[in-house]
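Sharing a structure here in structure tokens format.
For clarity, chains are labelled A, B, C and D in written order, and residue numbers in each chain start from 1.
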Amino acid sequence: MAKPIEIEELSVSYGRGRKRQRVVHDVTFSIESGECVGFIGVNGAGKSTTIKALMGFIYADAGRASMFGNDAGHPDGRRQVGYLPEVALYYPFMRAEELLALYGALSGMTRAQLRTRIPEVLQLVGLAGRGRDLLREFSKGMQQRLGIAQALIAEPSLLVLDEVSAGLDPMGRFELRELLKKLHQAGKTIFFSSHELSEVESLCDRVILIDQGRIKKEVTQSELKQIGSEQSLESFFIEAIRGAVAS
Amino acid sequence: MRSAFHMAVWPIVRATVLEAARRKDIAVLAIFMVALLFVLGSARVVGLERPAAGTFLLNLSLTLIIGGAHLVTLLVAARQIPDEIEQRTLYPLLARPIHRSHVLIGKWLAACLMGLALFFSLFIPVWLLVPRLEHYETGTLIQLLTLQPMALMVTAAVPLFLTLCFPRGLAMALALLIVLGADYLVRFVDGFPLIWLVPNPSRLNMVLRYTDGIAPLSFWGWSALMLAALFWTASLLLLSRQLFERRAL
Amino acid sequence: MRGAKQHLGWLVALLLLVVAGWLGAHVDPNAYAGGRARDEQERLRRNSSALAAMLGEFRTSLSDIMFIKTERYLHGGVAYLPHMGDLAMSAEELIDEVDEHQSEIGLEFLDHDEEGDVPTIIPTPERDFRGWVGNLHREVQPWRDPTKAHIHTDGRDLIPWFRLMTRADSHYIRGYTAGGFWLNMADPEAALAFIEEGIQHNPQEFQLYVSRGFLLIREARRTGVTTSDVELEPEVAAILERARDDFRKAAQLALVKRPDDVDEEGFGSGGWGSYHENDALAASRMDILLTRRLGDPDLANQLAHRYANTFPEMLEMLQ
Amino acid sequence: MNQARAIGVIARSVLLEAIRRKEIYLLIAICFALIGFVLSMDFFGLGGLIKFYREVSLRLIGTFTAVAVILLATRQLPREFELRTIYPLMARPVSRWAFIMGKGLGVFLAAVFCFLLFILIYTPGMLFLGGEIAWGLFLQHIYLQLLQMFVLTAAAFLLSLCFSKSGALTMVLLLYFASTLLSSISVSIYELTTPLGQGLLTILNYGLPQVALFDLSGKALHSELWSPLSLPIMAALTLYAAFYTLVYGTIAYALFRRRPL
């Protein structure tokens, strides 16, 4: 069976003509079914660009990205994926449940399925009872919770989450972590980008560190634990990145 | 397995219509149009001593509702892609197992439906309110009513295509120029090379012919216009697809 | 493979665009001669309704809007309500009006007794409920007390609008006839070509032939002497022959089109108005006169008898 | 901070935004292209005619500036809330009064900028055609148009505080484009309506500003026949504009002052 995510020597550029700039260089990694992988890097390191190329929103100069064996951009690849974009505003004039119905229907859910599933996910992300509210009235944190709800709506087997905890309060972060743990235990594959090291530490089987568009390190959970016992995770990453800059 | 239309296109149509209908600007336009109808209706009382004045009113109101329907269609269609990109709502949308062209078709269809709804919901009261005291050809009316939805289809496709080529403001200005002025443009800059390639939804407007009491077009003439509208729409949608499919978001 | 598909997409789209453009360019549902909207008498009837006067600014035909603009220009920007005098004029009346304006240019005020009571769109203070707002309105916009005087400006300024209104609607007959006369002041050759363009689009409209006939007569006068006491120079005669042909063609077309029920004032069914009647009369009269002037009195007599079936007064011309 | 200085700083930022966004240039470019198109038109070999050029360009200048100003003005307040840029602004010692004044002044400066650009385009065209510019009427026309921009800006602020951004935009555009028609309709139907209707029309007459009072293009067009407006009339028109600007502006300020941020 094909892996949920496979990326081979992916390179992506932005801009046109003389302003064209490569922001992702020869990135290669893959994620096995059932894994939870964190994608770590500073702002502007290339995390979101890699994820966008994987989702088929932008096109690669070279290399290949695929989901479940389908090339990036092919609808079949997105059949079992739940995706949370980096910073998203949702249609201000829709109600939360209408929005979820839209995304659910686009993922192929029937009306009957949606009727039971929508209250479930709203409950899951802590928005129970807010389904009839217009989204323009939602706070930033609520928008983010709704974003997670829309990613979960069709019960995908792979979750791709870009800056998953952005805009959430400590309580929200804690609840989210618990939710992701539960999903992971239920066998879902999770791939998320973050610059919150504590999140990564407590959740991930593996961490991929990206800087200036290149993969710097891959660390497994056992290695993470070892690092954690010897020095703080934070200083480990700072060293890894500084080392990259120095070289 | 459910059809692509049912699964991918229709939810987008529904969501777009819902959004557009809840925005107040559409409501303002609708209120304006209804007020206008009210004026026309009260005109029955003020002074329609002459049949010719009835024809004038019929022409005026039909022209206005067609103009209004095209304007709404254009405004709805022109907002879709730039808004989705600006608000980043395109990402969760395209993260579903659908093709980008499904999004385009859904947006286009929604704009068409908004225009059509406005057109028919105003056409019926106008038809009932304005006294028709002179002779009008039913055949011409049927042609008018069949060509207008086709014209709205073209009008919905024009801004969709233009917003993929130009920034929003320019696209909107150009779309207005094409939808409301292409017919005059073609006439004024007579002889300008390739000007006839500009899609021309106002070509399908038969209001004048109808209120002038002129007989319908020949079957072939009517078919040619229907085909022209179909091809304009298909061409614009295909061009939009070509542009949208490979665009980095 | 993907590239080929991509190219095919562009190709099909362009092909569809070309076919649609070709179809659209060849079928114009509004390309018919006549019709209520283009008929001046019909416009008069509409304008005389209270409601239409109220919505008068809201013309639906671009050509109509431009025609109203020419009237405003002529009156120095002052907006008068549409009225009989300006809308329904035969070719002869029109050409007289043009001459009159031409001789007036440079005069600031001119009394037009017959038009002195045409109301302005911005009303007089007595009829205006708006108080000082109305007073300011009358100060800012070009406005003149309608009971007092008209202002007239150079008619040449109207020419661009006539060009545009006939482009917008090639069956807008009045645009050609009125435009031809004003253009004649600036460039007689261009005026003839302009009316010729009108005739090409509307070969059955007799008023266009009448207009061109009158323009040709002026052309002949410019070229040489046309009075009956001298022999015509060949080039003058050639021009007058063209004018005669135009009037004859116009008379033929007019007599076919003229309804049987024309009343004393010249109005009849099917949109026939007094200016139609006057043009038909002028065409018949000029055909007889020119035929005689060009040296064929017998034919002139025959024509007079033929036209007398419709217009008995033609027989008076035989004396 | 000194409030006058605050007004200046805010106005400057509005002007900068107006100039840096592409919309104004876009409008000017379209206007420029149309004027160029008119200049290149040749009617029967007589060349472009001066009055035609004057009319088309004056109308274009008026309409395009008004549209640019309306677009800019209706956007000012809603966008501050939308983008949450109002918080860092109001965190300074700036009164809400100074904030709204600064916004208004900025929009007005943008209008002046538009007019200056347009005049730079219009004048060479006129010289090219060999026409004379009747400066008296022309400058009075521009002055009245600027007065109108004050009124439109105040109306735009007020409406954008009551409705959504696009709703306000539609309504101000309606006010601008339908006002002339409304006044001519109201005059014609006044005598035909009931006392109730007449009362309503009177309220409309004094409650809404009439755009036609700021449009001197009709006289400027036929400048050989009309002379510039007298000083008392100009003063009355200035007062007229000031009245509506103050009324709309004050209501807008009252709404804004009590509005939770």
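Please note the rule applied: contacts are C-beta pairs under 8 Å (C-beta built on N, C-alpha and C of every residue); 3 or more make two chains touch, one makes a residue touch a chain.
Nothing here was measured: the structure is a model prediction, and the numbers come from that model.
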- Chain nearest the global centroid, as defined over all protein CA atoms shown: B
- Query: Looking at C-alpha means, what's the farthest chain from chain A?
  - Reply: C
- Per the C-alpha means, the centres of chain A and chain C lie apart by a whole-Å value of 73
- Whole-Å gap separating chain B and chain C, where each centre is the average of the chain's CA atoms: 35
- So, what's the distance in Å between the C-alpha centres of chain B and chain A? 40
- Could you tell me the distance, in whole angstrom, between the mean C-alpha positions of chain A and chain D? 48
- So which bits of chain D are touching at least two other chains? 189, 192
- Message: I need the residues of chain B touching at least two other chains; which ones are they?
- Response: 23, 46-47, 246
- Task: Can you tell me which residues of chain A touch two or more of the remaining chains?
- Result: none
- Classify the inter-chain contact topology: is it line, ring, star, complete, or other? other
- Task: All pairs of touching chains, please: list them by chain label.
- Result: A-B, B-C, B-D, C-D
- Interfacial residue positions of chain B with respect to chain D in the complex: 23-25, 27-29, 32, 46-47, 167, 169-170, 173
- Item | List of chain C residues in touch with chain B within their complex | 6, 9-10, 12-14, 16-30, 32, 35-38, 42, 45-46, 48-52, 55, 58, 60-62, 164, 167-168, 170
- Where on chain A is chain B touching in the complex? 14, 52, 55-59, 75-79, 81-91, 93-94, 98-99, 101-103, 105-108, 147, 150-151, 160
- Message: Using the touch definition from the top, list the residues of chain B that touch chain C in their complex.
- Response: 43, 46-50, 52-53, 55-57, 59-60, 63, 134, 143, 147, 184, 186-188, 190, 196-200, 203-209, 211-214, 217, 221, 224-225, 227-232, 234-236, 238-239, 241-242, 246
- Query: Across the complex, what residues on chain D touch chain C?
  - Reply: 41, 43-46, 48-52, 144, 180-181, 183-192, 198, 201-202, 205-206, 210, 212-216, 218-219, 221-222, 224-226, 229, 233, 236-237, 240
